[in-house]
Amino acid sequence: MSDHILPHHDDKSGHLHVDIKAIDASVRLPVIILFGNAIHWLVIASLLSLIVSVKLIAPGFLGGFSFLTYGRLAPMARDLMLYGWASQAALGAGIWLMARLCGRPLGGEHSGGFGGELLRTLVISATVLWNLAVLLGTLAILAGYSSGVEWLEYPSWASAMLLLSFLLIGIWAVLLFDQRSTGRAVVAQWYLVAAFCWFPWVYGTANLLLVWKPIQASAQGPIQSWYCGSLLALWLLPVALASAYALLPRLLGSHLNRRNLATLSFWMLLLLGGWNGMDRLIGGPVPAWMTSAGVVAGVLFLIPVFMISLNLLGMDRKEAIVAGSISARFLLMGLYALICVGSIGALASLPSVSGAVRFTAFTEAKTQLWILGAISLPLFAVLYESFPQLLGRDCWSPVLAGRHYILTLVGIAMLISLLLLGGLFTGIALADPTVSFLNITSYSYPFHLMECVAQLLLLIAALTLGANITRALASDYLLNKQPGK
Amino acid sequence: MHRLPTLLSGIFLVFLTSWLGLVAYPALQLGRLIPVPDPDNGGSFPPTYGGQAIAGQRVYATEGCISCHSQQVRQLSVTTSDVDRGWGLRPSVARDYLRDSTAFLGSRRLGQDLSNIGVRRPDAKWHFIHLYHPATVCEGSVMPCFSHLFLTRKIQGQRSDEALNLPSDDAPKEGYEVIPTADAKNLVAYLLSLRHDYPLPEAPVKKNGAAK
Amino acid sequence: MNQDHHHLQQEQGSEDTNRPLSPWLVGTFMLALCWGAFYLAFNSGGFSQDVYESNAVNWAGGGTQAAAPVDPKVVGKRLYTQNCVVCHQANGMGVAGQFPPLAGSEWVLTEGNHAENHLVMLVLNGLQGPFVVKGQSYNNAMVPWKQLTDEQIADILTYIRSDWGNNAPAISPEFVTQIRKADAAQSDSWTQEQLLAVSPVKPSAASGAAPATK
């Protein structure tokens, strides 16, 4: 399936000063572990999201257990999606992309002199630490030790573990950039450096001020909103965009037509990304200028989104190539999702719209489209692209991959449209003070019902991917020494 | 852009803008707000609340109430529906949260806004029954039953004062009573303390045209 | 030289070109940036820490900024829908023979010997026994509503006096407070005779007649 893009030694030019096999060998185990665990968490997060959706139509479902209430399962599902799946897959993608783009293997003279084996052990230990932090943090929420701060529910010790393990992985990626084999950097590398620098800063600051040593609560609102925006737009999205910039031109056999836009959109994205989170607090208990900043950032965010899309989607491409490459299709869909989420975000940032829909499923739609669409789809693309090269053979089942693609797209489309419509109806009803709240709850019932179906589709999609990767890795271990197949 | 130090400085500076605006500014300005004195009875606004309510915040956090409930009445320039709906006399401002350990602002309203629930529902007994089985007092509610916050025990001698008066469908069997645990009592104490109805310099309370 | 290399390597960026941007695009971007700047300038309350309402531009600094007053009729309508609609119906017409109408009712419009204090009193304590409204006699009990606050009762009365063709002045919360205090001794529901035996009290300017509302 990905034969035509397997790396090959080019004898014609004789200029191969980069040993791709060595690079892949140096990052193989960490990347496989990261992606493998990420998919495992994706399945669990999808299952929890389904349970949580069912609870909205049948509040008694799984009732009677203190640890299975909505208030515990919903944060667990969200955090697993963010830290178990998305961030971990982004780490895996980031390391592989950075190593390849910089033309340097992990470990050795270009990684601060640390030997390859030592470094790999360190990185693998860090991934184990990451997964331990996610697992224990999730169990802590289940057991009733949540911190109560949205998106940062892991207790202090779990978030500290998470941060530490990130630092132990991320620092090598930045070092690789510094030591790369050419002077000229590509767009994807800027995004990766930025992402690896920002996550520790964002995560550390937010946890310090909200969970580890909480500051006075009057200040916590903006910081929490800033965190939500920054996590998505400054850590996860840059990795997704790096994947698109790195892979798409190559997969399409094309090149960027508007490189100058890439630079401009990079800086604009960085600038607006942090402010973008304020759309969660429009009209909230913050000074008016913060509300206005949120409005402006939300609307203007469309500009870098548009520039990036123009750049990447405007490349010359042949439909036949796209149809033959699942990674290309995932990347293109991811970019379309980014355009959608930018537009929805811009609309939802307008004060009159925000006033109606802020606390409804409309905002949930935006968050879900961010995570499932703009970020997850490009990460799937990297997954499908990297494994054959890391394992040295065509390891994906095309049938399972195709099913995963369709189910994911249909599931996302269904979920997002239902959430948007439901949110809109709920919002309009909420804006009328004569409509009682309990009536509004009953209006949203049919939407919640259909959302369960959408979540089920997404769960099946995740299971399909899980089956595919299990098959890919299992046969790798089973057939390790056998050539071909 | 092609050398690490240049790229890093650029990233650092650009990132600094949102960090300064949304982290440093709130921490240094909003985080240093102090209560204002209450002219009528020597207390302060926001009013202090007792240890039970402080313990109740922890219960609110760990039960994940923030997943469904918000605690902010929005500014009138964005929407008047929160105030019109009776969820508060005035919009909430940053100072309202200064006594809390965590600002449970919330982002979803699957349930009502709770910033003034202490004013709307000042009856602790109603809250206990609501937590035990929400659908009995709010028909059609999707809120889960928090029965794990209560204890069903055999009546010893006389029925306890704290025992819940539940309708027959939910009542425990003969000779048993349902009483709230310490967690339930703390949570309800916290809920009863939730009120943003006092005036502040930046948020006067208006009643029919006359500012209070 | 690097055309043959379509690997995921650092050379990949070397084929990129720079197609010039259409002036329409550039214009739109510039316009959007200008909008952002102006919006931020005029909706930020002077960037003051104390200004929370974004439509109060105050370049002189914080200062007082008025929260827009809440329309009591809107609040009243909501409360009416929650509390009174069951009997008196959403169209204020009541149910023939059972619940009296409010539209055109002399008790609501406080015509003749019916005064505002009677209206407040019957809401606070409820009614029992035969009761004549618009020439029809009703003999159903009305429950007391004294658990509602003064503001809530005032808003409901203001609302019912302004809808369905009714057009009477608003009732203020201060007036409700005054009447509630005066009637603290009454514990049973009123009968019509008892109610009309109480001398009429109209809201005076001093006791806080409500200002004209929208």
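Going in written order, the chains are labelled A, B and C, and every chain counts its residues from 1.
The definition used in the following text is that a residue touches a chain if its C-beta (ideal position, glycine included) is under 8 Å from a C-beta of that chain, and two chains touch if they have at least 3 such contacts.
The model shown is predicted, which means the values in this text are computed figures rather than measured ones.
Visitor: Which chain maximises the distance between its CA centroid and that of subunit C?
Guide: Looking at centroid distances, A is the chain farthest away.
Visitor: If you tally contacts for every chain pair, which pair is highest?
Guide: A-B
Visitor: Could you work out how far the Cα centre of subunit B sits from that of subunit C, in whole Å?
Guide: 23
Visitor: Where the centres are mean C-alpha positions, what is the separation of subunit A from subunit B, in Å?
Guide: 31
Visitor: For subunit A and subunit C, let me know how many angstrom lie between their CA-based centres, rounded off.
Guide: Result: the chain centres lie 43 Å from each other.
Visitor: Which positions in subunit A are in touch with at least two other chains?
Guide: Within subunit A, residues 184-185, 285-288, 291, 293, 351, 433 contact more than one other chain.
Visitor: Which positions in subunit B are in touch with at least two other chains?
Guide: Those would be 29-30, 75, 77-78, 84-86, 91, 93.
Visitor: Hey, what residues on subunit C touch two or more of the other chains?
Guide: Residues 49-54, 56, 74-75, 78.
Visitor: Contact residues on subunit B for subunit C in the complex?
Guide: Subunit B reaches subunit C through residues 29-30, 75-78, 80, 83-86, 90-91, 93, 201-204, 206-209.
Visitor: Which positions of subunit A touch subunit B when the two form their complex?
Guide: Residue list for subunit A touching subunit B: 55-57, 59-60, 63-66, 69-72, 74-75, 141, 144-150, 174, 177-178, 183-185, 190, 193-194, 197-198, 201, 205, 209-210, 214-226, 230, 234, 263, 267, 270-271, 273-275, 277-278, 280-288, 290-291, 293, 351-352, 354-356, 358-360, 363-364, 430-433, 437-438, 441-442.
Visitor: Taking the complex as given, what residues does subunit A use to touch subunit C?
Guide: That would be residues 5, 7, 10, 12-13, 15, 18, 20, 97, 100-103, 180-182, 184-187, 189, 246-247, 249-250, 253, 255-261, 285-289, 291-293, 295-296, 299-300, 302-303, 310, 351, 433-434, 436 of subunit A.
Visitor: Of all residues in subunit B, which touch subunit A in the complex?
Guide: For this pair, the touching residues of subunit B are 1-2, 4, 7-8, 10-12, 14-15, 17-19, 21-23, 25-27, 29-33, 57-58, 60-68, 70, 72, 74-75, 77-79, 81, 84-86, 91-110, 112, 135, 138-148.
Visitor: Give the list of subunit C residues in touch with subunit A in this complex.
Guide: By the definition above, subunit C touches subunit A via 1-2, 4-19, 21, 25, 29, 32-33, 35-36, 39-40, 43-45, 47-54, 56, 74-75, 77-78, 81-82.
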